[in-house]
Amino acid sequence: MVPVSAYLIVAIVLFGIGTVGVLISRNMIVMFMCIELMLNAANLALIAFSRSLEVMDGHAFVFLVLTVAAAEAAVGLAIVLAIYRNRETINIDRFSILKW
Amino acid sequence: MFETFYPILFLVIVATGIALLLIFFSIFFGYRSKQGRKGNPYECGLTPVGTTKDPVPVKFYMVAILFILFDIEVVFLYPWAVISRKLGVFGFVEMLAFVIILLVGYFYILGRGALKWD
Amino acid sequence: MSLDTLIFVISVIVAVFSATMMIVQRNPIASVLYLIVSLVAQAVLYVQLGALFLGSILIIVYAGAILVLFLFIIMLLNLRGNEDLGEKSPLVSQATKFIVSILFVLELVFVVRSGYVAESIATGVADTGSTGFGSVEDVALLLFTRYLYPFELTSILLLAAIVGAVVMARRENRDIQQSMFVEQTPSETFKKGQG
Amino acid sequence: MIDYTSAGIDFGLIAPEIALLVTAFVILLISSIRRLNAFPIYIAFIGLVVTLALSIQQWSNQESGFFGMISCDNFGIAFKILFSATSLLVLLLGYRYMIARGIDRPEYSALLLISTMGMMVMANTTDLVVMFLGLEIMSVPLYVMAGFARRSLRSNEAAIKYFMMGAFASAFLLMGIAFVYGASGTTELRRIVADISFISSRHGAYIYAGAALILVGFGFKVAAVPFHSWVPDVYEGAPTPVTAFFSVAPKAAGFAVMLRIFLFGFADLEILSDVFWVLSVLTMSVGNILALRQGNVKRLLAYSSIAHAGYIMVALAVGGEEAVSAAIFYLVAYTIFNLGGFAVVTLLETRSGCRSNFSELPGLAATHPYLSAILALFMLALGGFPPTVGFLGKFYLFAAAIKSGYIWLAVIGVMNSFLSVYYYLRVVKASYFETSDEPFTPVSYTPAIVAVLIITAVGTLGLGFFPQQLLEFSRSAIFAFL
């Protein structure tokens, strides 16, 4: 049988991939998707823990976190759109007009 | 112990099977002729206008973003409906508050004309 | 190698592979599709852990609606991945970021291995639907009684997101005669394409 | 049927939050029907005054409600008062600036109210789930407010950078909560405290990993040093009143939750105080050093807010009731004189075509004696000079540190304050002693911003001489559930 710690390790690996994606990717939308991936990895960890504790709290919390992720996605994409209408680039590095 | 999921598995296999079969047949047995207007994208018989590359007008995104937010509201209604009988009046008032708050958002959208399709 | 472990291994490989492919892609449309595949694989893991309801919600709401919105926005912005993304950031900084993240993941994996996790799930996972774990009934019962306050908070969060999305994304002609902040009006090509 | 007697559904506990919500609803609905410019600001003003009154009236009724999700104790109410007062001042502060920039949309006050409500939710709970949701309700409006000047590229950049950092921090915070939940079986801090010894013995690794991830999450929010890179760009890009709000309210909310989690929840994990020791020293020093070379008053205030976060983190390192009350005292004092400083900056930037660079300051003293005097007062308070409340704030903090044996931490703190005095005085020198050829464009005052200037100036000096009131307030605002 598959122990819960295996699921936890998968969650952590996905979380790590998301972190790498955020740090390395240069396209705003891909960076945004990596953050969503990290949120889902945390959801997977929550469900794995809730499974090993035989307690349902984790499930209710994951359900609420999906709402948070949706709200964040909506606002984030609205901001990306506002930027794109002002300028044509989505590349995160070119945003350096404020460098000190 | 996966018995409960065999029907779903079977459904997935049959669906993908049929789709792949159709594609397979059309590729290997289909009659091929590449000349003239046959290669044009099909626009109900009219001569196609513009290219697939020109950008979609921006005003469609507003509907998409607001759909997501109200989709989440509907998803909350589903578990509520499952146990609304057990929750009784308490559950009703609870969901009423939830819907009223989002109704304020909806009236705000209507008033601000965010979905206006000029 | 029971069926259960087989499904676990397959979905983990699919999830991790498509997550890495998502980052490496040049074309953002392919990235979104890889993320959807990764999420479907994660949903299989949810179901294996007994979270039947959440697995279906993940696919219907998350992969189905939110990532489709990403796809929609990418189509809207007409991104083909061929924009010139400026010069690549120096290899050294990328390597350090990579190594830091790997160390971070190894650290957490070590924490999990040393941690004590109740092995109670050795029993069959999927057939827990009957014992009332992970079904809609239990999640709903908990969500609408104990988590009443967070439930109402999510409606306020959604309202804030609605107002935010409308403010940021709505086209306002009043903005055109703008303040001294404006350094550059939207480029000509974009205005023509606005439709 | 399900019994709700034990639920403790008592709306009295969340009366201020409900008042804020109703005001935001009224603003949104009216703004959607008619385009009355000044109308939303008046409604928001009334709403905030009512909220302030409600939270003061709620003082010292310690109870928890809503299935234990809300724990309304003096600590939470003190922050409710701080948040409503802050957003009241920011509302008055920014009104004229928004009109000058042509971005006085009605949604500004509605988002400000919703964000304040999110902070109140965060500060008044001991449940990690509600803290996470409160954090999100606070952050989403702030992402939008940062990018409010939609046509300006700086504001767009501020919005996207703040959003990415915020979402990144929330992901870490969520993973941290997952680990803490896995270790303790509950997200309720009080039950974690109850059996912390059992948890750390069996699941020690998890609780430490969870605490570390939560610390990373909040480190971003509070702009502690390793996670502060986003601060200067966002603070300078966002419209000035929004920057004023950024530099005070979310930081105070972040510290409120960190105090609850780390000093109340994980009090027994000794290693945390050493981690905070290092973090606070790093944050203080880097914040001050980076602020030395700034040419713009707004950027200078941004870096100084990082340094001040470092001073407050001393309380987290020291721990104990003495440190918590010193932290609350410092947060209130910091809110007063920092908002005052930003009021002056907003006044300077309302003049069309002017930024708040050092090169534009000369001649301020000549043309506006009172304004430059108030600016000098705020700079002295930020630097921690004796007559002002800034000195007392630092004094109590470092006294608490020394009392519980953190001598070196206090010494480094004092040295950092001396270092910070240098760049604060540069502002005073620029406005008083330097001269420049082109004339100083006059500043236009409005009653609202004059009121803010007077309140903050009187607060800075008044509390400097008679701190008993504030001291008593912060002494009694300790966790009821300690």
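The letters A, B, C and D name the chains in turn, as written, and every chain counts its residues from 1.
Everything that follows uses one rule, which is that a residue touches a chain if its C-beta (ideal position, glycine included) is under 8 Å from a C-beta of that chain, and two chains touch if they have at least 3 such contacts.
None of these values were measured; they are calculated from a predicted model.
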| item | value |
| --- | --- |
| Chain of greatest Cα-centre distance to subunit A | D |
| C-D against A-B, pair bridged by the larger set of C-beta contacts | C-D |
| Centre-to-centre distance between subunit D and subunit C (centres being mean Cα positions), rounded to whole Å | 30 |
| Rounded Å distance, subunit A centre to subunit D centre (Cα mean) | 26 |
| Whole-Å gap between the CA centroids of subunit B and subunit D | 41 |
| Residues of subunit C whose C-beta touches two or more other chains | 4, 53, 57, 61, 65-66, 69, 73, 76-77, 108, 112, 115, 117, 124-125, 139, 143, 145-148, 150-151, 154, 156-169, 171, 183-184, 194 |
| Touching two or more other chains - residues of subunit B | 58, 61, 65-66, 68-69, 71-72, 75-76, 79, 86-87, 101, 104-105, 108-109, 112 |
| For subunit D, residues contacting two or more additional chains | 2, 4, 21, 28, 129, 133, 136, 140, 143-144, 147, 150-151, 153-154, 159, 179, 182 |
| Residues of subunit B that touch subunit D when the two form their complex | 86-88, 90, 101, 104-105, 107-112 |
| For the subunit A and subunit D complex, residues of the former touching the latter | 8, 11, 15, 18, 22, 28, 31-32, 35, 38-39, 41-43, 45-46, 48-50, 52-53, 55, 57-58, 61, 64-65, 68, 71-72, 75-76, 78-80, 82-83, 86-87, 92, 95, 97-100 |
| Parts of subunit D lying in touch with subunit B, wherever the complex brings them together | 1-2, 4, 21, 25, 28-29, 31-33 |
| For the subunit B and subunit C complex, residues of the former touching the latter | 1-5, 53-62, 64-69, 71-73, 75-76, 78-80, 82-83, 86-87, 91, 94, 97-98, 101-102, 104-105, 108-109, 112, 114 |
| Touching residues (chain side subunit D, partner subunit C) in the complex | 2, 4, 7, 9, 21, 28, 66-67, 69-70, 100-103, 105, 107, 110-111, 114-115, 117-118, 121, 129-130, 133-134, 136-137, 140-141, 143-144, 147-155, 159, 179, 182-183, 202-203, 205-206, 208-209, 352-353 |
